[in-house]
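To start, I am sharing the structure in question, which I have written as structure tokens.
Chain naming follows the written order as A, B, C and D, and within any one chain the residues start at number 1.
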Amino acid sequence: MRKLLEGSRAVAEAVRLCEPQVIAAYPITPQTHIIEHLAQFVADAELHAEFINAESEFGAISIVQGAVAAGSRAFTASASQGLLLMTEVLFNIAGMRLPVVMVCANRAVSAPINIFCDHQDSMSVRDAGWIQLYVETNQEAMDSIVQAYYIAEHCELPVMLCMDGFLLTHTFEPVELLDQDTVKSYLPTFTFNRMLSPDQPHTLGAGSEPENYLEYRYAQHQAMDKSATIVTAAGDKFAAAFGRSYGLLDCYFSQDVETVFVTLGSAMGVVRDVVDTLRAQGESVGAVRLRCFRPFPAEALLAKLEKSCRVIVLEKAFSCGASGIVATELRAALQLAGVSLLVHGYICGLGGRDLTCKVVENIYQQSLAGPIAQRHGFAGINVTSSEGGG
Amino acid sequence: MSKLSIDPGSSVTNLTGSWRTQTPVMKNKWPPCGQTCPASEDIQAWLALASESQWQAAWRKLTARNPLPAVMGRVCYHPCESACNRKHLDSAVNIHAMEYFLGEMALANGWQHQKLNDNENNATGGKKIAVVGAGPAGLSCAYQLALRGYAVTIFDAAEEAGGTLWSGIPEYRLPKNILKQEIEAILKLGVTLVLNCTIGDIHGNAPHPHKRISTESLITDYDAIFLGIGALKPRLFQNSQYTDQHVLTGMDFLRRVNQGEELSLPKRVAVIGGGNTAIDVARCLRRLDCDVTVVCAQDPHGAHLAHPGAEIPASELEVTQAQREGVEIIYRTAVSRLVYSGKHLNGVETCRVDKIHDRHGNFNPVLFEGTETFIAANLVIFAIGQEVDWCGLERLIDSGLSKVFIGGDAAGNPRFAATAIGSGFENAMSIIDYLSGQKPYFDTHKKAEVTYKNLNLSYYAQSHRQTENAGEKENSGFVDTISLNESTACKEALRCLSCGVCFYCDNCWHFCPDAAIIKQADNYTIDYDFCKGCGICAQECPCGYIDMHTVLHE
Amino acid sequence: MDRRDRFRHNILTSGHSACSGCGEAMASRMVTDLIGPDAIYIGATGCLQVFSSHNQRSAWQAPWMHSVFSNAAAVAAGVEASLQARGKKIPVVVQAGDGGTFDIGLQCLSGMIERGHNVLFVCYDNEAYMNTGVQRSGSTPHAVRTSTSPPGRVSEGKHHVKKDLISIIAAHHMPYAATATVAYFPDLKAKVEKALSIDGPKFLQILSPCPLGWNHDAALSVQVSRLAVETGLFPLVELEHGEVSRVMRLSTQKPVEDYLKLQGRFLHLFNDKQGKTQIRHIQALADTRIRRYGLLDADTNWTSASASIVQRGGRGTYLPVVPAGMSDHNAKAQG
Amino acid sequence: MTHMHSAIYEIRFHGRGGQGVVSAAAVLALAVFENGYETQAFPKFGSERRGAPVEAYVRIAQRPIRTHTQIYTPDVVIIQDATLMHCASVFDGLKPGGNIILNSAGTIKTQLLNHEAYQCLTIAANDIAQKHLSRPLPNMVLLGAFAAISDYASINTLKTAIAGHLQSKGKKIVQSNVDAMMEGYETAINGIGT
């Protein structure tokens, strides 16, 4: 059944179907609608869960950590400053290998304070040890929630589902609803063999020494690497069950083309339009969307890109004083593989700056003109407005 | 390896005992009460039982060392109480009254002593022991031997058993029937008592009606002989004739009073001497309505903390009670001569004492000339000590026979009944050792003492003696002893601090931060694998049962 | 599992690496053995967590988890929510130091209480950040020497007075909040049992001397905590729904010097004139607390003396230890 | 440059916080979706509070809509508050021959001198709203007016959409909003007629 749903509502519906026993959150725009919907479900007994209004995002993620450690499926969501306030616990959860699932409604990070979409929040915790999925549409957001639980619980790693604030969370789009029974059969009941219980009085979260900390981290890294196959498997299994398939990457005419756009999240929509336009004009263009950013799907990307001669990375985050994050990691991957092709890195859409077809087309034209001077371009930047410290 | 969950208690592979630089050691100690008890009673132990109202068990624990609690509960000068650590917290435990109470209770309920091993002949090979003298030493020795199954016969020249307890202690302090009953209880163990019977080879003046046994036959008929003949020969004042009208000895006076003889006494009497006998005599005289002046060569109690030898030897309690009864005591004074007018005694001339002891430490007062003072008295009673009378027993002692043992006053001990009882016990043990060739087991009292500095007083509640004079009452100006009742006795027993003896309060077990003290059903063990030696268990042990040793103890 | 002792569980057992004479280990052993193995324990970062669970070894014999410094109360709330959701009735207990309670952990604690989670939060108050080497915390009393409040030419140690946490906690209309200390086991036992009997949030602040940070003889940990009470500096009180419901009366008030002079952290106060002034200040603080809680005239037989008395056979013990069969089962479960 | 996907019909709402601009967009999208079209509705928030200028967008197409950009060249602008016209931006990018639906008591039309290029419909939505909702909440009235000039949404689909969107607010509210919408529709039809 197809329905016109706000992105936040679509996510909430999916969470409801996964039947978490504990939900804890703290309001922050643009995430708030998600937990408001969930609160309503609990109030209407459409979802039987403990809904806990935490005193902060830090508390919320900690409550979720405790709930999962105690053997319950749980959920939380946040954004921007809220996500950064969670940071300490995000690392801790990953280090303890707890299968937590959360949504990040991507939003810019202050100062200056800005509630609109970019990826600087989730990107800044990319090293926390969480699997990160970036979705393009409300449909994908809904579907990926179910997959996120599948992935987390199969590889005992936390999953962060990143969806663009406002651009998805507050946008009404037609969504094919999931049906409860199929979700049930897709997602087994939650069991956690390290759960806290008097029947197995073990210790979680013990300290380590120089002799073994490295080994802990290495084991975690290996699990991260392996998880790529589980992300793929989850997508395939989902396709079998629901008829919509997802993987590490999402490709659009990327086979054997000269220029490939690489981007994340909802920006892919505009890129698809631009690709159509350019191809109609006879240009050899395609696009690849990085659905799974952590673990970084280097091999899959190489397979798609090595035949092309030009890559344009459009990303909504960057490492201040260094470069675009995806572009940098892509360059590294290509160099490791001995593939030499030009990677044009563009920072775009920061703080909700609209990424329009025109902007993307200009970037394409520039890239044809040759490599840009800087490590990366700032798409559509108005330099006069940024001079003198703004 | 990187385990995401750690097994419970896996820390026990980390033996933190290696951190230790000092080591707690749990060891029962000998409380000062028992340490100072001349009869070596395990006072703490029987108080503990009493505190749980286990009266009979307490009495048995007490009588393991002293078969005469009702007697000693009256006549003992209880040094145990002066030693009691409790006095540092509030006031000493009233041990004297507790002993009295238990003794009374035993008599009231007719509790009987029980032999330690019933198949006596196997244990003792039917060995026979003669005990000469039915005083406290003899009774104690006979009792201990009989308890262990030996055949004992007691011989005494007097017509009543008890020795000085019978002849030397006035009725008001020790009713005769009490003494009789406790002696009865001893005899019930199968001890034979032969009275009116002199041992020895002397001829002539022995009291009547009379039996005599030669040392010869004693030596042949018995496997061991214990001489507890006391010290009955009074020391005499130089060249004065003892006539009933003017001059008596303390022992003679007390014996005759105890026999119930009606003495015609003048109003004013001087008693010479500072021992318990002198005080007994003085207190008797007060009860016979005489005005009494005690002339004593020593200083009062507490005047010479350095050498108590210079203080009046009678027990402090006796002295104070006597004074409360109106006895006048003149200290550091000695008699230089008796003052007669014709045949009639007017009084004594006394002098201040310069030195009390000569350079050999013997009691030999030197007087200040010119300090002569006259004390009016129509009767003088000398209680200046007794000596042992070996007359007739020479062969037993001189021949150095290994089967002959000597105890009590006769062995030169301090002249106290409690000391005699202790001496009787020790001799009994030696006799058994001699007869059986093996040392009998008994709790040796040679243990470290625990002072109140070893205690943690914060764990004890303040609680005062039932009454400061529990065990005493004023009776028409005279002090008599009374008993506690069960509830007051229980309260009093609970006041015992159990110095140096663990009473399972669990403090060490609660407080050990390292789970290194393991509680067992009836004690604690220290797990030295983990003990870090912090010393909290020792610090918080209320009774000083735990010590810290700086030497590692593995 | 370690089952050496038939009479207590040793939930926190031997082999932990606390300092010799650690008051926190002592207090935690009392509390956890009173609660028993059928509970879930959450630890905040701090000495207790570090010395009990590191390097692949754990001294805990009950389910125990540590996340980070400041979120123990929130993690516990999550555990409790999970148990609620699964209809399980198992006590959830937080153990934190004063840093994880008074300071960095206060926000999560306040939220946990406000939401009414059925969690017992136990604060082992040793009055400074001992784990990091004795820095002052919000719990550090006035004039104490710590490495971040050192006495100096113009300083007499910490300038500010100890945060009145129990009042802050009680102000949440808390069902039950109490203070206790190791010196008075019967009092501690009664309070833990009372707390466990209450459905909802409850809080215990247990003064736990630190021989290292307070700089006193390791053997004196109990003695020092006893004096903290007897001087009136650390009142033993119970508050229910914000009201003082019971206090432990002082049988006698001792001068604060008796307490201060045993501890190196106060030593500088005995050296000069300003120090004497600070001691008078501390005495005034003690007197104020005594007046505030009526510690000398409270109408109760529960006094510092009666709570101290030891008897033959102990002063109360712990939960019965699980029968041998059960322990085998546990051994399997964890092995 | 023309795009293959330029067959997308775009509507831009202008209003003030509290005037139900976002709901209007959502309800319209629901109605359009009900009508069998692909659609997309989304607001452009400032950190908006009551009274601040607010925009919301609706896209309508025959095929799935992929872009999530804002709307720069609308086919229709619906102005919920006439006072907003003083900032000219409300007409920015309006396609030639595009529609303006303006909430106004009517006199204002004369001021729109330079807008003859557009088909302008004014409607006193506040008064109508006041009548039905007892508060000047013009959004549903204006949606009714839109139904009058467009085939994308019909009265029936709007009814369903309102019922769906305001479900939680209860039947009474739904009905009064439907009534407001209906009167907006009829007023607009008559207005166009004259």
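The rule we apply is simple: a contact is a pair of C-beta atoms (placed from the backbone, for glycine too) under 8 Å apart; a residue touches a chain by one contact, two chains touch by 3 or more.
Source: prediction; values computed, not measured.
Q: Looking at chain pairs A-C and A-D, which one is connected by more C-beta pairs in contact?
A: Result of the comparison of A-C and A-D: A-C.
Q: When the C-alpha atoms of subunit A and subunit C are each averaged to a single point, how far apart are the two points in Å?
A: Chain centroid spacing, subunit A to subunit C, equals 43 Å.
Q: Could you tell me the distance, in whole angstrom, between the mean C-alpha positions of subunit A and subunit D?
A: Distance between chain centres: 34 Å.
Q: Could you state the distance in Å from the CA-based centre of subunit B to that of subunit D?
A: 115
Q: So, what's the distance in Å between the C-alpha centres of subunit D and subunit C?
A: 64
Q: Give the residues of subunit C that touch two or more other chains, as numbers and ranges in rising order.
A: 1, 53, 56-58, 60-62, 330, 334, in rising order.
Q: Hey, what residues on subunit A touch two or more of the other chains?
A: Subunit A, residues with two or more chain partners: 96, 201-204, 206, 208, 212.
Q: All pairs of touching chains?
A: The complete list of chain pairs in contact reads A-B, A-C, A-D, B-C.
Q: Which of the residues in subunit A come into contact with subunit B in the complex?
A: Residues 96-97, 194, 201-204, 206, 208, 212, 215-216, 218-219 of subunit A touch subunit B in their complex.
Q: Note which residues of subunit C are touching subunit B in the complex, please.
A: Subunit C reaches subunit B through residues 1-2, 4-8, 10, 12-18, 20-23, 25-26, 29-30, 52-53, 56-62, 182, 185, 211, 217-223, 226, 305-306, 308-315, 317, 330, 334-335.
Q: Within their complex, state which residues of subunit C touch subunit A.
A: Those in contact with subunit A are residues 1, 37-40, 42-43, 49-50, 53-58, 60-68, 70-71, 74-86, 90, 107-108, 110-111, 114-115, 330, 333-334.
Q: Using the touch rule from the top, collect the residues of subunit A that touch subunit C in their complex.
A: 21-22, 24, 48-50, 52-56, 58-60, 62-72, 74, 88-89, 92, 96, 196-209, 211-212
Q: So in the complex, which bits of subunit B are touching subunit C?
A: That would be residues 1, 3, 6-16, 19, 48, 51-52, 458-462, 498, 503-507, 509-516, 518-520, 527, 529-530, 532-536, 538-540, 542, 548 of subunit B.
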